[in-house]
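Submitted below is the structure of interest, expressed as structure tokens.
When the chains are written out, they are named A, B, C and D in that same order, and each has its own residue count from 1.
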């Protein structure tokens, strides 16, 4: 395969819930709001369907960033799904560094069905953030390095 | 809390009354003002152009000095307050201006809008409190109908100045009330006095001052108070209408607190 | 071996303009198991579907991937198409290469590469798809309409006429809503009450309609066809079944300090009051915050004068629970509070009023019996200024970004009211644009100018100055001439922006209905499903969905009713087959999943299991009630042994997508 | 080299730093302006000229020299545009030119002694380099 030239394009996976964020992504499309091509969306019924293992798998397969989008707290189609997400992902975030992935390569965002423009904005921000972090390399235990 | 104080050039000369009364009252009310050493003129007008970097420097120097000394800067003159508050806002939100100014100044530590710029009135309202102020009043100004004249620079643009509702301000009225006088609200209280047109167009100044003063008088004001030396000048020097007296709000404050006599002239 | 067919849609130039569709088809053709791949101009069209059907026959396809627009748009279409040729509808996957690709990207090479990736992910997923079969749930043949204005009344009447039971919940003491406050309606200038009150009576008397006035929805659970709703009937402190509606109590009430909501504060009402003469039900209500009896314990005059002994100070709120098949939101609007517009004289002079206040001032049943007077002096004005777009088309923090749509027409109407009755009163309307699309609308506005002599000035008001004697000075611009104007009207009318009723957001949360940044309810599709909320079984009627006038509201109300009738007419609904399932051989019966299920859909039962080791064993395992499960997937992640999986979104399917994308 | 109409407009737009495309020509700024009646181009007209790239006519306008920078226009604009910044940008474009001062330093002596220096500093900042 050809080596990627000049501009580094990070690989980003976005999990979007069907009711809010996926609809928000559709809204971004309808409003022709640009966000980078390297962000690819996987639809799930609710953000609470996302197993932390899916996220780790993405990182293991070489993703540079993973973003999980759900309905705003209080607006979940399934009433409480995103509350589970919030708790689970807080836990995952606290463990990512330990697992060898820089914690700020993963983000949780709430985007409603009406927020097409915001969806694009969130994606652009995240892509810029990941691009600044550079390629995902496994964190090494600093104690061993010494 | 340490209250750094930026008097500005007019208050050190032609508007000493505004300054002296403010310091005395602040001492009585328990927030002594500490004048910033080596402050420079703020430039009197806010430099709107995004490329006007040099014009922002003196304001940033004052702001940075206050940051190093507790992080609060109190102002009195409406124009100084307007310039300092808006430049501070630029430093906080406009990356390009912030970068260029810091490149130029090379301060020990970059300045990015950390200082809290407070108008003297905000200190009275938010730190002293109207109730406490009312308790400290020695000579209540009973029966005095006073119109607050805000002018333009103190309140606008509302989102940056964030002192009060720019179209229906209350802070000076509450102040008047706390001193025991009767505030008179009138529509023209937040309209411009003609400002620097004093230099180039006296007749326009007279017209605008006339509109303001007759509106205030029609609502029953017997006196106007203001926070701005230029407003005070225009309201008196270009008054052809009704001779309504004009005072600085701090003069009124010092008077009510019983520290008004013998003010330096 | 699997046989996957891939169909790439051009969507005219919507996709093909940015994505090389032929290259996408060519790329996926190389993938093992892809038996057929092609592209076509409009895959959703009859011809496009024919291509799919033909390919299924020719290549014995068992799985289908369509690369097209969002699945929210046409997933159902392609599933039906698959079903028509014997493929289970859940063997279809959509790759969204329009909203997520061609519409957000400009560079063709980049977009094509992304489209190929998305197609590959869909192919990876579809390999693990299994046939799913929808279950059935019953439909409760009763509808709930929230809001009793013209939108709610019309929707309820239409549903009731079709033979279904409808309940209207209205938070005010009477139905009628905003329309009841209006004097006349545009563009016909017929009396608002004359066309509304008969409908109110119809609603009250209809055998299929139950009114819950002075009531609010407290709690909603369940799903389409089976909603459980708790309604709080607030205590009126008056026994409705005993009250004769004579109004004696309202006349004798000594508390006179509360501004009348119905008269927009232009008049005070008693603590016990009936909002207006034609109120339905015509039963007063005691405002306990204003009532002396409730505040001080002294008084009780209303109880003494009541000839029917209907006053009951001890009445309590009552909770009613009811089942519904469908819910219609018809919560209406209010005017934007103008507190931040003191520059226009709001709150400074009593003679600066809102449009709704003007309606009350010109209404024969209003506080002045229809005599237009300045509220400050009670005198007739000599000249009136009307200001358009106050808070509308305003992107700052004090306004609303949208056009409120109805103001241009009602401003013309108001100007006509005044000029018709008081030909000597000068009326000037300041406007940014005059927006009058609609049948007979522009003609109406022109009549105001040409026949009624209303002055229309393109420009705005910058300041309203109030003097000591109450005199108003309006500073305004006339943009066509470049003039700066100074006017001295006696009355200024501010055409304030409309905004959704304040409880819209609370209800949206209760119903999990989507709401936009301005608190308008979001429709399922802006063009094709304008009266449905994205939440199944919830429908939208009237102003709560967006600014609209009465004719539009009534037609939308009818449309919402038609959708409700269509739903209630069904004996059964197909349930979502994408429910949780338990792989019993690895379930340990720990009950973690049951704790996270918001629907109580998981129970436990003793079952004989064939273990992973191949032995038989009696064990307690999770059992999913598919009728209750809504398929959120919360349990799948909670399960410590990954025994819980979600049909249609299995772990394997999602991981396959992850692998394909990374 | 002389700037074209369009280039001039772009330069002014850059100095103004306000998004004039948001303007819907409602005229509130012009109505709110306390000296609008004395302006050849009212604030909304200034913005409109800039939206349409007529830089030269902006430079010729007298209005910026009447403007008080009182920000009533900006405060009351429903679209978040600052006509005051457009006025300032036009003033700056002029006074940054060599010897284009509108106020001579020599005139200082003519002003009343009690005029606060705030007025003089402000006026010189607005009218000269």
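One rule holds for everything that comes next: a contact is a pair of C-beta atoms (placed from the backbone, for glycine too) under 8 Å apart; a residue touches a chain by one contact, two chains touch by 3 or more.
Since we're looking at a predicted model, the values are computed, not measured.
Both subunit A and subunit D are touched by C. Comparing chain pairs B-C and B-D, the larger number of C-beta contacts belongs to B-D.
Each chain gets one centre point, the mean of its Cα atoms, and the points for subunit A and subunit B are 48 Å apart. Distance between subunit B and subunit D, defined via averaged C-alpha coordinates, is recorded as 24 Å.
Per-chain CA centroids place subunit A at a distance of 30 Å from subunit C. Touching of two or more other chains is recorded for residues 72 of subunit D. Annotation for subunit B: residues touching 2 or more other chains are 167, 191.
The set of touching chain pairs reads A-C, B-C, B-D, C-D, using the touch definition from the header. Touching subunit D in their complex are the following residues of subunit B: 8-10, 13-15, 41, 43-46, 48-52, 55, 77, 79, 152-153, 155-158, 166-167, 191-192, 194-201, 204, 208, 229-230, 232-233, 237.
Interface residues of subunit A facing subunit C in the complex, by the touch rule stated above, are 11, 13, 19-20, 22-23, 25-26, 28-30, 32-35, 37, 40-46, 48-54, 57-58, 61-63, 74-81, 84, 88, 112-115, 120. Here subunit C touches subunit A in the complex through residues 70-72, 96, 98-101, 103-107, 110-111, 113-114, 117-118, 121, 508-509, 512, 514-517, 522, 534-535, 578, 596, 598, 630-634, 636-638, 646, 649, 651, 654-655, 657-659, 661-662, going by the rule given at the top. Within the complex formed with subunit C, the residues of subunit D that make contact are 22, 24-33, 36-37, 42, 44-45, 72, 76-80. Taken in their complex, subunit D has these residues touching subunit B: 14-17, 34-35, 38, 65-66, 68-72, 74-75, 82, 84-85, 88-89, 92, 103, 111-112, 114-123, 125-127.
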